[in-house]
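Note that the chains are named A, B, C and D in the order they appear, and that numbering of residues resets to 1 at the start of each chain.
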Amino acid sequence: MNWPILTVLLLVPVAGALLLLALPGARPGAIRAILMAVTAVTLGLSCVLLVVFLAVPTSGTAKLSGTANGQALSQVHSPVTFQFQEQVNWLHSGASLSQVHPAFNEGNNAFNQAGPPPINFSYHVGVDGLSVWLIALAGLLFLVAAVVLSRKEERLRSFAVLMLLSEAGVIGVLTSLDLVLFYFFWEAALIPLYFLMIGWGDERRGRSALKFIIYTVAGSLFMLLAIIGVYFVTGAQTGVYTFDVPTLIAAQSFVQSTHATTFSLFGHSFPALNPQDWLFLAFALAFAIKVPLVPFHGWLPDAYASGKTPFLVFFTGIVSKLGAFGFIRYNLTLFPQASHLFQPLLMGLAVASILYGALAALAQSDIKRTVAYASISHLGFVVLGIFALNIDGLNGAIIQMVNHGLIIAALFICVGIFEARFGTRRLRDLGGLAKAMPVMAGIFLVVALAGLGMPLMNSFVGEFLILLGAFQVSPAWAVVASLGVILAAWYMLRLYQGLTQGPLRIPGGGDDSTPAAILGRLGRVDLSPVEIVALAPLVGLMILIGVYPGPIIRYSRYSADQYVRAADRSTGQDPVLSTASARIIRPDQAGGKSSR
Amino acid sequence: MTTLLSLPPWFPLHFVPASNLVGILPVLIVGGGSVLVLLADLAVPRRGNLVLPVISGVVVLGALGTAVGQWILNATNPVVFNGAFADDRFALFADFVVLLTALAVICLSPGYLRRRGMEEGEYYILLLASLTGMLVLSGATNLIVIFLGVELLSIPLYVLAGFARDEPLSQEAAMKYLLLGGFASGFLLYGMALIYGETGHTGLAAIHQQLLQGALSHSFDPMLLAGIALLSVGLLFKVSAAPFQWWTPDVYQGSPAIVTTFMSVATKVAAFAVFLRLFSATLAPYRSEWEVPIAVVAIISMVFGNLVAVAQTSVKRVLAYSGIAQAGYILIGVAVGSPDGTQAALYYLAAYAFMNTGAFAVLTILSQRGEDCDRYSQLAGLWRRQPLLAGLMALFMLSLAGFPMTVGFFGKFFLFSAAIHDGQLPLAIWGILTSAVSLFYYLRVILVMFTAVPDADSDTAPTLAGLSLEGTAVASSTAASVGIPAGVVVVLAGVGTVVLGIFPALIYTLLQGITVVHG
Amino acid sequence: MTGLFPGFLILSAAMFSVGAVGVLVRRNPLVVFMSIELMLNAANLALITYARYTHTMAGQVFALIVIAVAASEVVVGLALITGVYRSGHKLNLDELSEMSE
Amino acid sequence: MNPTLILVLSAIVLGLPTAGFAVSAISAGRLPHRLVAWTGPGVILGAFVATLIIFVAMLQQPASSRGITVVFWHWLNTSVASGHGVAAQTGFNANFSIRIDPLSVLMMLVITGIGGLIHVYSVGYMAEDPGFNRFFAYMNIFITSMLLLVMSNTLVFLVIGWAMVAFASYALIAFWYERRSAVVAGRKAFVTQVIGDVGLYLGAFLIFLNLRGAHGQLLHTVNMQTIFANVGPGAHFHDGLGPLGGGMVTAIGILLFLGAAAKSAQWPLHTWLPDAMEGPTPVSALIHAATMVTAGVYLVARFHPIYQQAPVAAGLVAFIGIGTAMMAGIIGCTQYDIKRVIAYSTMSQIGLMIFAVGVGAYSAGMFQFFTHACFKALLFLAAGNVIHALHDDQDIRLMGGLSKRMKATFVAFTVGSLALAGIPIFAGFFSKEELLGSGLALGPAVPWLWVVGVLVNVLTSFYIFRVVWIAFRGEPRSEHAEHAHEAPLLMLLPVLVLAGLATVVGFLNVDFAGFAPITLFSAFLKPVLGVPAATASDTAGALALLAGFLLSVGGIVLVWAVYGRGLISRELVPNHLPWLYQLSFRKFYWDEIYDVALVRPTVSLATVIRRVIEPEVMDGALGGIRDSIAALADDFRTFQTGFLKDYATWFFFFAVVGLVILGLRLS
């Protein structure tokens, strides 16, 4: 790949946005066409990326690059490898404001400070088996959102522009390999999202948007401190002052992280947290809010309930994955020991999210809120898989991120259609709609089944692997998490059946409430061709991935393995050698294939 | 150089070495420009023409050009007048910011003054006079010059604050500013007196040497410390850091918006310039003594400014409290005391100039006869009326809140980075906590613009002619044009906010070679 | 002279304090303004005292400049106060409190 | 056997019903009913034919080589190969592979054969229903799922089939979705099934993570053949061999049985089955007689290598089986809904099978499954004819006198009842005899478990002949019963075929002591299931035979005495043992118990979360922060009084404070 595909991928939506801005007189149809074309091109590019992506990294042992002061570091292998890397210097302060006054340099050590380490950050992008799928998912979901976006939407052009900017931001987050760049996109992506939230949606949207922003930014700001902290802590210990992610990951092998002191509480003695642990927690907070994990989920139900469907398609589908992505990309690799130290905490929060989300979904009367809480429950599984810290769990988490993106987008399209058709989100007001919209009922059934983890559909694969991974760490957590699967069946069926089954019921049923009369009044309310087109790829992929998840895993497994190894490092160990406890492969037993 | 600029023998200042005059060339140009405008004001008809602003603009541009020239020449010994004034890159950087702000204000002025019905020639004279004070202040390396600069800066501003003569609020603002400013000057001066008394010098370099000796022997002179404290109080007043910020909200609110624009940005930059010079260089030996108090003031400013801003109903007051909070952030850079802290503070000042000028510029554009744009309701539904203006205002709010893609982000990034590197984690933590709080009011402005329904009577607000995003339908007949210069100013501020937000190196590299001298 | 040195300084401090308290307690802007002038002059006194004490000229120069600056401040200040008075306000600072909180 | 042939044939077996479903689903019900009436049953019969070919091909092989595994595709593999400087890492790894052996072929034959008959029947039964296409779509996917379940060679696909069956059964039970009761019943069935699924895959996890090979290495496999090969005597399960002959294997056995219990409606996951009678009657026949509910039996039989290592788990299985059999029998005696009686009968019979496979009589259990599939489908379909004739009345109290109006159906139903009751020459007699004989020989805590099993016989014949008597004898007790007509030929034909089968299939395995043994059935399954560890002695066998037979007849006599002649008052039990009657009538209160113990607490918790925790705690936290920020802001802003004097005072105050602190520091 000789051309900078990732940069192009990043710039296409931006260019699309600028194009739209440059056409003030464009008609809604043209705007929508441009939007679809741009998102389609982005999707196409992400597919190209998938095609040329190497399932097995050519070099699993990319040498540590960068300007390491410690000589040992140049010998170290980076435990995580990235493809299609591009790196351009962004800000480089070779010499800084080194002297304030000659007196400072006159040997008066009392006031003389060592010059600050140069602050360097670069535009460094790359993908691995984790992000390549999420980029593809983003490409798909933005296209679907573009399809779902009605031509009659008010202020269509602004919506389209903001949408494309969101896409660029999301792709930026997924591709960036520099902490500053990452944070840059991470927060910048919030801006178009915020405007989409306040500009379109129900009457409570302003409050929802504020909540979302406050939550997210509050968490992110701590992460910003932690990013700076990583820079200095790593630098102080290894001499490598950098924001470059691969370099930092490699350098973590040499960061001392010992729990020298302990304190006791309730008769137990706990290790006192060292800087690594605090940094881990700061990152984790940002990601836990973004995912969100209970109890950091306060923004989610309102935000999901308020949003417009096209917005929700990508907001719920891909933006919520960024938190989980961050956990994998940053928490596991930059803070290996802390990852293990806090594994029980994170798994506990994940399980809490699974159960809490499921129970809350069970009690909602608002269909969008039901789906919103279901999303919390599903994402709990993802985090559970991540912090199983083994390849099964991590692969499960990766595939489940993709799955959840497909499912939640489709679910919101479905409930959005119900809301649009009947003007209500109250479950109680609706019922028996399979009679009026059989196609909708059928597709919604498939989506709901995928949502509840139906085998041979996509999310089963993820949940199975995640639970398997979690089971290896803690059977108890896995068993408790399994309750979430049971509850999922319950709340999903409650939603599905409440809407489509039972006696036909629509709001303001009028005097004559016989089904025939209602049907007559409703006229044609079943899915329109556009809606079918939007849902078809999602539904198709749900089934395809469930039946044959192999391809996704084929790309993700090496990366998952690398992340596990990165997290398994302990101080001073070469990441490559630190897998002594790895399970030994036996090719003859590897498959289920043995015929006679 | 010297021969080129050697003065004719009849020139009354021939005893002054020409190189000295070159060193203060921007000051001379602006000060002279002020006099020129004074004369021109007598010569041209009073109202409704652009002669005065054009002259002022040319003057400022000239000063800017001179400053750029000085930057490029990069004098090896950038000290003039026997160490009383420095034209080092530090001062020049501050000059750039101040001059650019002044230029923006001058561009915004004609339209604003016309709409508000106060087209008086004195305005430009006072503006340039105050600007002269700022330029003096940024390069001052002698206590006397500092005092001179402070007063030269302040006195015209007292008048400008009350420039809307028939508006009670403006009069009130002027009165408060005058009396409180004088009061603070007393402290400042007394502090200077004490410092002078204890060191026997008014030159910063000499004072520094004295402090150095005292610090090396670990004996801190109490009277000197008291002097430093009083001096700091006086300067903290000028930068509107809490708990010495009292004048800020009332004066910002009461003054005409255009004056507030100038006051909030340029004053703060100039005052911080001298603040940074004093603390990062002159007073560095006493760092152990002032580090904590400054940090405490920084925290109080961040907390007070951001908290109280939440409860405001006046947009100008919101920006005033925001200014208090921003002063707190910049003080982080001072409190850190390290070179990267200074660098970060300077970066933030530049960033602040862009975003705050932009924000106030939008308010001036929206101001109408009899009343500034100050209530939230006047911003309501701005997006539907003037998408571009609303978008830019939102951009400035986001930048003040520190979002990436805007210059405010890297400002905070560098500040927090300096704080963490220096081990001042609490400062950084207070910084982010209060940043989170600030979202409440910055986003409220955005929310009002983008969702609320506009007032019936606010449709008469002028539009950005020819710059409207959603076509020209919004340019109703009642709306007066704000004129091209004003539009260009806000757009440029917006562009600067974004471009510098994406390419921080544009400013950062400027800062890298900077040295701070004091005589 | 040396013997009187602390005395002048104490006088200066006392003047400063009287001026400051004047600002705090008086309501008439003119009186407040006079108090501020008193504070400045207290500083002047200190400057000149120190100049004598340290045998440097800077303090005396400083004091001269302060006098000049204070004069210009008075000009501007009185003009402003007059303006306020003309615009219908009584000369009572407590009435200038339309903006608050 | 030729692997390619088997691959193609099993692809056809699985593919035909899937295609039937897919066509119906994608066409969104727009196909003409006439077409679906052919394709719906056609694909199943096609699959049956393919299965028959497999069966024939298998019979041509020697008994020892009748098992074959074919791989469809690699499902997923998270393992990482070595190289690139890293060691290999084994992760989860599964293929979509199929096991064809006598056990699975038997299941496939029953599923496609009996299923095919039921499909044919459905064409008649559902002819008038507007959801005709949808019905056949669901039926087809059900068959696919069931086939997948029995054919899968990997644990994962077993789980997949397992859960797909649950879905299909849900869809069929809630087929008449406008009826609230059907919707609720469907949901109940589904959620119960998911509980079982969870048990199943937790068991799968344990196997995957702990099974060791011959050299003590962890195998990490979900390939069932590999598992069975390594789990036998002397197997190296993980070192956690606790008490009771291996805690790990016991846990696996129990977890797997959780799945089996959900599918087979065994206590404690049995409550869904009676409610599931909300579905159309062919659904009941398909799901609750012939296929789905027997999946649990299949599972235990299939996993017998594990249960053989886990006597505690196996004992638990047997115990629960017999207990459920007894309980369901008792409940069946007092129900009035014709389908519910048959449903409880199913539960009871399945309990017996579970008992059999629990004690190790796998072949006997499977034989009972086989005969039961025939006669229970027969009973359901015959009952379906009745219901159809009575315009969906299911209460036997509203029937009566049907024997005259629906002669063929009456005969068929009676044949089914006789088979069920275990009257000689009918299929149930042979299978039940063998089952009880094995139970007697193998049962761990013998006599009394066996005694209970035999006692179930009397209940069985009582409740089923009670239905025969009330529904078919006497005078019509309702308008509909008065005007009942025999079912159309399309519905009668499958019933009659099944009646024939119910009469003859018992002779496939005649194994009582002293008589000429015909062991076609058990010999066929022997390669998979092996031979029982013990057989009953001749005397014991004869005793069992006699006891079973006498008790069955006793039941019939009892019905005759109560309902026919009135020798015993019908009110005897209600009057004298009211608690027993209520217990039976209220189905042992399990629904109520679960409602109070599980459903309500969950719903209450959910409601608390929604009404209290979310608004008060979660939102409250943010709201609290926001409010305190606002309050602080309000407090702080009051400092800014607007009075210049105050400002100066504060300024002065803080300056002085600064100086004072400075002074304190220095002193």
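Definition applied: a contact is a pair of C-beta atoms (placed from the backbone, for glycine too) under 8 Å apart; a residue touches a chain by one contact, two chains touch by 3 or more.
For clarity, every value in this text was computed on a predicted model and none was experimentally measured.
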Taking each chain's C-alpha mean as its centre, the one farthest from subunit B: D
Central subunit by CA centre of mass proxy: A
Geometric centre distance via CA averages, subunit D-subunit B, whole Å: 78
For subunit A paired with subunit C, centre-to-centre distance based on mean C-alpha positions, whole Å: 64
Whole-Å separation of chain centres (CA-atom averages), subunit B against subunit C: 26
Computed distance of Cα centres, subunit B from subunit A, in Å: 42
Contacts with 2+ other chains: residues of subunit D: 637, 640, 642, 644, 648
Of all residues in subunit B, the ones touching two or more other chains: 175-176, 179, 183, 187, 249-250, 311, 440
Multi-partner residues of subunit C (each touching 2 or more other chains): 20, 23, 93, 96-101
Each pair of chains that touches, named by its two labels: A-B, A-D, B-C, B-D, C-D
Of all residues in subunit D, those that touch subunit C in their complex: 637-638, 640-645, 648-649, 652
Subunit B residues within the subunit A interface of the complex: 208-209, 212, 215-216, 280-281, 284-285, 287, 338-340, 342-343, 387, 394, 398, 403-405, 409, 412-414, 416-418, 420-421, 425, 428-429, 432-433, 435-436, 439-440, 443, 446-447, 450-451, 469-471, 504-505, 508-509, 511-518
Residues of subunit A that touch subunit B when the two form their complex: 21, 24-25, 90-101, 103-104, 108, 110-111, 113, 115-117, 119, 157-158, 180, 183-188, 190-191, 194-195, 198-199, 205-206, 209-210, 213-214, 217-218, 221-222, 224-225, 228-229, 231-232
Of subunit C, residues touching subunit D in the complex: 20, 23-25, 27, 93-94, 96-101
Subunit D - residues contacting subunit B, complex: 626, 629-630, 632-634, 636-637, 640, 642, 644, 646-648, 650-651, 654-655, 658-659, 661-663, 666
